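Okay, so subunit A shows up in both of these, paired with subunit B first and subunit C after.
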Partner chain A sequence: MIRGVILVIIGAVAAPLLGGLIAGVDRRLTAWLQSRYGPPIWQPFFDVIKLFGKERLVVNGWQVFCAHVYITATMLSVVLFFLQSDLLLILFVQAFGAIFLVIGAFSTTSPYSQVGANRELIQILTYEPLIVLVFVGIYLVTGSFKISEILAQTKPLLVSLPLLYIVLCYALTIKLRKSPFDFSTSHHAHQELVKGFLTEYSGRYLALVEIGHWYEVVLILGLCSLFWATSWIGVLVLVGVTYLCEILIDNIMARMTWQWMLGYVWTMGLAMSFVNLIWLHGR
Partner chain B sequence: MDTIKAFIRKSRAKSPWLLHFDCGSCNGCDIEVLACLTPVYDIERFGIINVGNPKHADLLLVTGTVNHRNKKVLANLAEQMPDPKIVVALGSCGLTGGIFREAYNVIGGVDKIIPVDVYVPGCPPKPEAIIDGVVTGLEKFAEKKGDKS
Partner chain C sequence: MLNTLLFILILGPFIAAALCYFVRISHIRSFIVLAMGCLLAVTSILLFTKAPFSHTPPPLLNIPIHWWIIWGDDGLLLTMLYYGFKHRHLFTKILIIFQIVALDYFELFMVDHSKTFPLFFADNLSLIMVLIISIVGPLICVFAIPYMNKHEEHQGLKKSRQPKFFAFLVMIIGAMNGLVLSNNIIFMYVFFEVTTLGSFMLISHDRTETALKNAVRALWMNCLAGAAFIVAMILAYITQGTVDAQELIRGGHMGGIMLTPLALLCFAGMVKAAQIPFQSWLLGAMVAPTPTSALLHSSTMVKAGAYIALRFAPGYAGTFLSQSLAVCGAFTFLATSAMAVSQSNGKKVLAYSTIGNLGLIFACAGINTPEAITAGILLIIFHAFSKALLFLCVGDIEQHIGSRDIEVMRGLYAKMPRTTLIAILGMVTMMLPPFGVLLSKWMALEAASKHLFVMVLLAVGSALMVMYWARWAGILLSAPYGSHVEPERQGVLTRLPLLALVGGAVVLSLCAPLLYSNLVAPILSAPSFSVRAGIFENPTGAFLLYPVILVLALGFIYAVYAAKKAQKARTSGPYLCGAQTTDPESFEGPMRKPVAVSSGAYYFESIFGEQRLTVWFNVCGGMLVALLIGGAL
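Now for the complex of A and B:
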């Protein structure tokens, strides 16, 4: 019981702190790759605290509601992850939050917000089936969707699911909103869509969305860590290398269109998933 | 409560998001503003991001003369920014209208339409001067009223 309470606290409190720190390191490394000095590592926390101190500018009530549902759902999904719950349940709770964020963007009349929300929906459509396929692969290896069962494995999942790990990395890139998949909104550039579907969120609601995003990043990196959960060094190496690759890809790729994303990620993702699943089946 | 307020003040000074509006400038000042974002000057090290969205911005950077066509746009942008916010007028034209001040369509400087906190002179001002003006504005920004906490 006490262990459960501690895990809930870790999930609810430590996860966003970790997520913010990851975002800060990310910005610093990106600056280094662009031969800039870059902001301090704590910069994401300054941004969020500043946003909490701003005036409330609300377009409509739906937006406020959706921002709160989004952060609640993402927090719940991370807490469920730390409680070693069911992978499918975690995915559905996370998808619930993601959809409400899009509904909040659709509830405003701004064309930037509308187009950004459409693109975000297509992104969700792209990565959700792939994550389900990754979970199917995990089920075929471990015989369970429960994280506690997966952690009881003695051999790293990466050995039997190498291609599905790459598929999960596609989902991670989309979820982190990194290039080439940063067309619904982006951390750095405001280009053809100003700030995409986040255009109409402002002040503390933008801060809530940002914290929710940190939860999601921690959740997806947590899913990555399951692939080498047998040792702590393995977890650190796998997650660290994966995230460094994400930053590198972000800096060397251009922004693409949603048509390209849907075609490329589904072809490559589905092909790799099926090859991996068939190989598992025939082994 | 005071510690929270002090923390918010500190965070504000560390994280001003910038909105750049070209109010009929010759683009001389605009090029210098964009030069601040390049690796040579890198204003992101102060936490400054060019957001291009008035609803996310804290700092409005205006270049160029104000005329009868764009005064509404300028006022609208300033109004869409949530408080607290600061306005920095850049260059001779933004300050007074510059060499265009006697033209029939020119109203004058930015402060004829919206209240300005920091004036950065020059034609165009150097990137160093722009960064100095913005950092001066940050002190004012940290102390501004308008937070609801």
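Now for the complex of A and C:
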């Protein structure tokens, strides 16, 4: 029971702190890659605190509602993750938040927000089936969708699911909204649609969305860590290397179109999933 | 007591239908529909307390029941033949004449009527269906009362066609009750045919050229199902010497030739449930007035097909038939979800979504593990409420704004806030946790995870499904903020069914653990989940229903509170790159002229277009159906 409470607290409180820190490191490394000095590592927290102090300015009341629902659902999904719950359930709860964020973006009439919302839906459409297939792979190895069963494994999942790990990385790149998949909203000012579906979220509501995003980053990196959950060093190496690759990809790729993303990611992702799943079936 | 209950549930609607048809006074007709609705709902609950039972009713008016059935069936088929001749459709005529000849030969010269076995049989599966049919069905009929008045006002008819419309609407409810309660498959067949005739009459109701064309298409496709049903009965009788459904289910295990009748029954069910490649009849049914679509789609008719597959599922467990049924269903789920994404016609989105969800039920029947069957049965329950609700909402919206196009519904919240919110809640119950449809989908996914191909189809399909619901819900809210939104006026008979259905959809989701342990678990061969404190758990996975509901509900309440508080905040026009004029909905364009802002959603015509995909999907679907039947021969 006490262990459960501690896990809930880790999920609810420590996760966003970790997510913010990752965002700070990300900015710093990106700056280094671009030969800039970059902001301090704590900058994401300063940004969020400043956003909370801004005046409330609302374009459509539904956005306020949606921002709150979004952060609730993302927080719940991370808590469920730390409670070692069911993978598919975690994905669905996370989708609940993601969908409401899109509905909030749709609720304003700004064309930037509208286009961004449509594109975000395509991003969700692209990564969701792939994540489900990754989970199926995990199920075929461990015989369960429950994280508690995965942690009981003695051999790292990465050994039996190498291709599915790459598939998960595609989903991670889309979820982090890194180039070449950053077309619904972006961190880079040179794109044709910059803040996209977050255009109309402002002030404290944008701060909530930002914290929600940290939760999501922790969740998806947590999913990555499951692939080498047998040792702490393994987790750190795997997640660290993966995230470094993400930053590198973000900096060397240009934004592509959604048609390209849907075609490319589904073809590659489904093909790799199929191959990896058939290996498992063959055994 | 049981005789009375069965009489009310099955023959009651037929009597009410006759009254509706002959008593041509609109107030009395409304009263009959209301009274029958209440009576059916109460009776279905009373019947539920008698479960499970098998029963043979005494002769009606001193004539054995099977004679009534033979006469009724011949009358029915001759009526359909009349329409076949009237609309000069050769294929329909051939199919119906085949059915008449085959059925009469079968009934008069083959079947030994002295053999006794229970004519009616009810376990929890049948009774769940009876409850859905007798509660959702009447709600739709009640909604139809004001709807049809407006509909006819709009058409400007000289002579009202409502008596016939309500007669068939009500009759279908009785036929469906009969179908799900019958144990004798000849009875099942007759009620199956009544629903065919009923759907034909309802689709052709407006008598426009398209309506007639689509009605004839529905007729021939459903006659094909009927013909397959008869062949199945005859084969079953030749191989097993009985028309007792329970016997047939037990005999299916022997495999080989015993399986063919079951395969043909599944085929009949698939046509009835408009699975690909037979989806066109249900899509065509959209030309009919909305209550028709709601009744055909949600609670009845198409569910008859899914019911047949689930009913006979124990009979073909572990066979090739079962596997191919799973693939067929999952394929339909994917294909219809893809085509729904390309649709901006709201009713068509609903139609595709119905076919897709039925496909999921077929896939569950095909996977055929206790988990999958649980998922299938729960999906029937939850889908019925949410889908009926969405159809009625679209019907109401269409009568207000004169369009069923999603783009025209943009910002509907500003005009019809109540209906919009109910519709959005309906959509959320269709796609997101913790609501029942998603709970069943979760069960289905976990049950499918050993079937690689089925799983991929379901995974991609469900992502597409989320996409079109989310887009629609977002568009409904897309309104400029600031002005006070005035709730729309709505008649009692329109609002009551909407509220009842949305309440049902939400409350039933909360009661999912109860539904599972009291209704579904007793009919499974082995319990699929253990339910404790609202947590569904088995070795494969766990769904923390109540904890998730609790947290999301708290978040929801806080979100509502925050949104209320934000009403006091300063409002601003949408971001238009700084070129906004004084009117928030336009920007300063060339020559300093204001240009109105407009944006549309993506419908991906070039990728998921109906025109583009239908042919290929039909080819694939046709091959899969051939696989299903061929494999069972």
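By our rule, the second predicted complex is superposed on the first by the 281 of 283 C-alpha atoms of A that agree within 3 Å, B and C clash if a C-alpha of one lies under 4 Å from a C-alpha of the other, contacts with A are read in each partner's own complex, and residues count from 1 in each chain.
What we mean here is this: contacts are C-beta pairs under 8 Å (C-beta built on N, C-alpha and C of every residue); 3 or more make two chains touch, one makes a residue touch a chain.
Please read these numbers as outputs of a predicted model, since none were measured by experiment.
Colleague: Given the alignment on subunit A, is it a clash or a fit between subunit B and subunit C?
Modeller: fit
Colleague: Look at A:Leu57 in the shared chain and tell me whether it touches subunit B only, subunit C only, both, or neither; answer first, second, both or neither.
Modeller: After superposing on A, A:Leu57 lies in contact with both subunit B and subunit C.
Colleague: Just checking: does A:Gln114 make contact with subunit B only, subunit C only, both, or neither of them? Give me first, second, both or neither.
Modeller: It touches subunit C, and subunit B stays clear.
Colleague: Taking the superposition on A as described, I'd like to know which of subunit B and subunit C A:Phe145 touches: first, second, both or neither.
Modeller: After superposition on chain A, A:Phe145 lies in contact with subunit C alone.
Colleague: According to the stated criteria, A:Asn251 is in contact with first (subunit B), second (subunit C), both, or neither; which is it?
Modeller: neither
Colleague: Regarding the shared-chain residue A:Ala95, is it in contact with subunit B (first), subunit C (second), both, or neither?
Modeller: second
Colleague: Could you say whether A:Leu206 touches subunit B, subunit C, both of them, or neither, answering first, second, both or neither?
Modeller: first
Colleague: Angle at subunit A, subunit B to subunit C, CA centres, as a multiple of 10°?
Modeller: Given the fit on chain A C-alpha atoms, the answer is 120 degrees.
Colleague: Applying the touch criterion given at the start, work out whether A:Ile49 contacts subunit B, subunit C, both or neither, answering first, second, both or neither.
Modeller: first
Colleague: Of the two partners subunit B and subunit C, which one touches more residues belonging to subunit A?
Modeller: Touched residues of subunit A are more numerous for C.
Colleague: To be precise, I mean the smallest distance between any C-alpha of subunit B and any C-alpha of subunit C in the superposed model; what is it in Å?
Modeller: So the smallest C-alpha to C-alpha spacing between these two chains is 5 Å.
Colleague: Check subunit A for residues that touch subunit B in one structure and subunit C in the other, and list them.
Modeller: 55-57, 199-200
Colleague: Spell out the residues on subunit A that touch subunit C in their complex, using ranges where they run on.
Modeller: 55-62, 64-69, 71-73, 76, 79-80, 85-89, 92-93, 95-96, 99, 102-103, 105-115, 117-118, 121-122, 124-125, 128-129, 132-133, 136, 139-140, 143-146, 199-200, 259, 262, 266, 270, 273-274, 277-278, 281
Colleague: List the residues on subunit C that touch subunit A in their complex, please.
Modeller: Within the complex, subunit C touches subunit A at residues 411, 413, 431-433, 438, 442, 445-446, 449, 452, 455-456, 459-460, 462-464, 466-467, 470-471, 473-475, 477-481, 539-544, 548, 551-552, 554-556, 558-560, 562-563, 566-567, 569-577, 585, 597-599, 601-602, 607.
Colleague: Along subunit A, where are the residues that touch subunit B in the complex?
Modeller: Its residues touching subunit B are 27, 31, 34-40, 43, 45-47, 49-50, 52-57, 190, 194-195, 199-203, 206.
Colleague: Which residues of subunit B touch subunit A in the complex?
Modeller: Interface residues on subunit B, with respect to subunit A: 7-8, 10-12, 14-15, 17, 39, 42, 44-47, 50-53, 55-56, 58, 80, 82-84, 146-149.
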